[in-house]
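Labels for the chains are A, B, C and D, by order of writing; each one numbers its residues from 1.
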């Protein structure tokens, strides 16, 4: 009778953490170094791409926690991302009249607005958790889809907060006087001779937030809450009889997951510079789902890889599709580069899942195993 | 632990040491070459590069393509005749698929390499980029006619805004379809900037003429307008205005015709598409629908329009013939005029472009678009519209019913809430 | 004085009465068995005791605390631990992780403390992992502590279940068919183990079991159910001689 | 009153078509536990084929047959070559796979449609049937009748034929069904085929009058199958029908009485099916007719 349950494949913490750690050190060091060096070499296209990917990664880790660890399917993740994005914008924004419309704002210091926006997203998750507690599997998934549609409706009908369809400008983040924007007009921040614009500065913010989000998730799932969440996922009844307050833990999972979404939303808002409601639609929720499944359920590293894949691939294909042969000239008939990019994305998604249903994390494990065996 | 830190430290030093070789390092000693002509990004000695952010895969792919054909027609010809300022004008085109996030990434990827955006299609995409456009001083040819964009001085709106189109539409109904004070009219419109801007015009006009307005807001995805038309019919509305998508126009008019509800419909330009005349709704549309627009129909009879049309048909014999092809051509004309003026001023920079743009007080596009005046920042650039009528016999599917005119209210109207 | 009092429990599913006014008591330190043919209501009874089902009537009291309307986790917190007939382990998780789950109600580490690896969280984890290793050792599971539970042989998984229940530090242990699917040798080992647990911890153990041999060998007292009704209750000898039990089992004896 | 009846008629006839969509969605879910995000794509493939055949002067019934066959075949191919190979993994993974299929198919069909609005070339045109004071388009009446007939046939088949019985058995208890000699794989393939066919038929009536024809945005209509299937209960065939009707009515009434709902913000009708869905789920967590889960260990 568990028909309506979403069976989720189980992924566990590595059996022997010590061995992977020794292997991981050079890998982590290399990754950190490469990522830290990026703003010195790549242009704005790549940096913007990266910012969106970091924002997506943070939110995806949250959905991964909810789905991969706690076994709760949510198609409403975009809603919580929107709460974070608009929450930050409203809290840090100033009350002003733009063109013909008036916009409110609390004008809080951006860092405080960021923290409050994340808490606000958590609150939204908490408010939804009574619904989540009653429902399971696909029912929960599609019920949470209602959040996205309701969210679109609210965003459109609350112009004082959201700016309506035209969206509103996102105030830049400043921490201790350092602004994550282009700086005052006429000034230029040079680091080792490289000018640091908004994108360069935000890159480090995105990198740091993603790293912290990853570590938080890693510690969480290795400890007591993670064990309890996975027990809830495997069997709610068993978990309850082993002492886990199931309803409360499902609520916690929603809370933490939506806070991740909110944080991702703030990053996304900063990356955009201006947010509009249509961004946070059904397609965005679906994309998050694709990220965590592609990355491998239950793995935070996988979610990050999935987020980078989903956030970058279509835009990369679009950028380089004109190098590919057999495509139509602009204005002509036939398959345009953009269409080819969309095909490429869909085919990559299908092939990846056919080859390795465990996603990138599964692929990684496979490669790691082979590596070990060959030694 | 210490080993780990050491590894990190060494690696970091290696990277930042190497940053000195980065191509992004700015050389403080170099200064812009002193010459007669000041140039901005995207301008070389032989070329001027402009950006195009359009939709090739999303819902407006067809429209985007028609505009692109018109634009290509103009610039191919112009470049063959020497281009602008002795430079060929070329384009970097990016598809955003009607997704704002894609538009933002695409914009970031081209903004340092282009002088201006020749075209930016889509209201949500424009909205998402409004601030960047302003801070980058990026003159942008918007493919949207919402008056909410007027507050940004860098946005070029080529034509009347949706609200003015609707004011003219109501005026025309009053004068030609016997609407009188106290009559009910309906307005079905999209949620979003487009629909709401149209609604602002209808609201203003209804107030001016003492008409009772019944507004119905719909989603861009709504396919069947039976419910709205039925409600308007039972309320006794004497005319219906539409600020919707083409398929919705067909549904609304079709439903009305089928139930014998023979009131006139007047639609905004984007509410109609030639493709509708291939559907079952054709007879109803030809009977009951009118279109208020500042863009001349493809079948326009003015000599200038006819010339462009013939050139278009010669170049793209298989292409769909819609007025947006002419619009693309006209928009290119407007942009060329701005570039020419900037060249004359010896200032092909972004600031120079803005100055040139704001000096365009009488822009004539051979009647392709109503006369334009860009010299009043924040003002509506054009206030005259045509009233057109679907006609499957005409090329492009529309014929003229009423030549360019502007209602008294349209002359004095300023957008506000 | 009794540890567990089951009083007049009635459970109905969509018109079918699964348990009909069942009563019995379990003495402290007793090994108490509930037996009965298939469909007698044994598993239903266990699910009532651990809070999964609400009975239509009747009550369950453990050391004078009413369990009847408590959630499963609250009952666990009162020191009632159980195993499952169809093994309910997290298959891909290690044996250790499965055992640590049993410590849930004894530990406090929250989301924030765990994520930040605060000192008290690490201390708590160290302490409880040590206890888990002790229990694993007691059940001979030390070797497989880091293996995924799902890959162990059936008998071992059964022992992991028992070990997990012990990790709860139970005051009452409920064993749901601990010897189901075992051969005679394994079954005998399990009987030993059950007695060892009782002797070591001094707690009452309630078990549901099909294996009459095992039950007769270790139970201090037996309650017999048939079609949801209690038909006998007494020492193994009394139950063996009970004509109602013989009648109920004659039809089904051939099967087992 | 007339308006109410008119909206009621519109809602019921639209709801019947939604029921066809929801039915296909539910059948796939019952047979393979997979949420088919590619359901809109099946509709698009079917409707596109029918419209194109119609434009090449193929008689309408034949065009419909062609569209139904192609959509059904697509369903079968997707099941056979994409879903089946990874069926043993998590159903979430398989469901995500169907998103890939959806993107692929919809991108291609959008490209082929371009700026056109493809008329489905149905025989009903924009004629209406007058029932008292209420006008109902003939196409909608045909949609209602077709839905009732198809659903009736399906139910009869489901109850009576060996395959139908096996499909029910698979949904209830896969091992037993296997014992009956019907492999789950075959049932799953059958379900996908059926879902494709039903989606194509729904496509006819979703693109016929009062809708002007097929365009890329038509796919979003298929999303109505989600709340419809959930309201009825995901594993209930009868529930899909009721759910479809509920969504059709909720949409139609909320649209028609838009001005009275204005306190909820303009355009609330689009949220209406979801609002109804959440309310239903709060009272019955598995939908109106979904199987209540029994807790078992």
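Definition applied: a contact is a pair of C-beta atoms (placed from the backbone, for glycine too) under 8 Å apart; a residue touches a chain by one contact, two chains touch by 3 or more.
The model shown is predicted, which means the values in this text are computed figures rather than measured ones.
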item	value
Most centrally placed chain, judged by C-alpha centres	A
Reference chain D; chain at largest CA-centroid distance	C
Comparison of A-D and A-C (more C-beta pairs in contact)	A-D
Computed distance of Cα centres, chain C from chain A, in Å	43
Centre distance in Å when chain C and chain D are each reduced to the mean of their C-alpha atoms	47
CA centroid of chain A to CA centroid of chain D, Å	31
Chain B and chain C, separation of their C-alpha mean positions in angstrom	72
Interface hub residues of chain A, defined as touching at least two other chains	9, 156, 235, 237-238, 241, 339, 342
Residues of chain D whose C-beta touches two or more other chains	107, 111, 266-267, 270, 294-295, 297
Sequence positions of chain C contacting 2 or more other chains	52, 84, 88
Chain A partner contacts - residues on chain B that touch it in the complex	3-4, 7-8, 11-12, 14-16, 18-20, 22-26, 56-57, 65, 68-69, 72, 91, 93-95, 97, 99-102, 104-106, 108-109, 111-112, 123-124, 127-132, 135, 147-148, 150-151, 191-193, 196, 318, 415-417
Chain B - residues contacting chain D, complex	57, 59, 61-63, 65-66, 191, 214-228, 230-231, 234, 245-247, 250-251, 254-255, 257-259, 273, 275-276, 278-281, 284, 320, 322
List of chain C residues in touch with chain A within their complex	50-52, 71-73, 75-77, 82, 84, 88, 90-94, 97, 100-102, 104-105, 107, 109-111, 114-117, 121, 125, 146-148, 164, 168
Chain A - residues contacting chain D, complex	1-9, 67, 73, 131, 134-136, 138-139, 141-143, 145-146, 149-150, 153-154, 156-157, 235, 237-238, 241, 282, 286, 289-290, 293-294, 297, 335, 339, 342-343, 345-347, 349-350, 353-354, 357-359
Chain C-facing residues of chain A, complex	9-13, 15-16, 215-217, 219-220, 223-228, 230-231, 234-235, 237-246, 252, 256
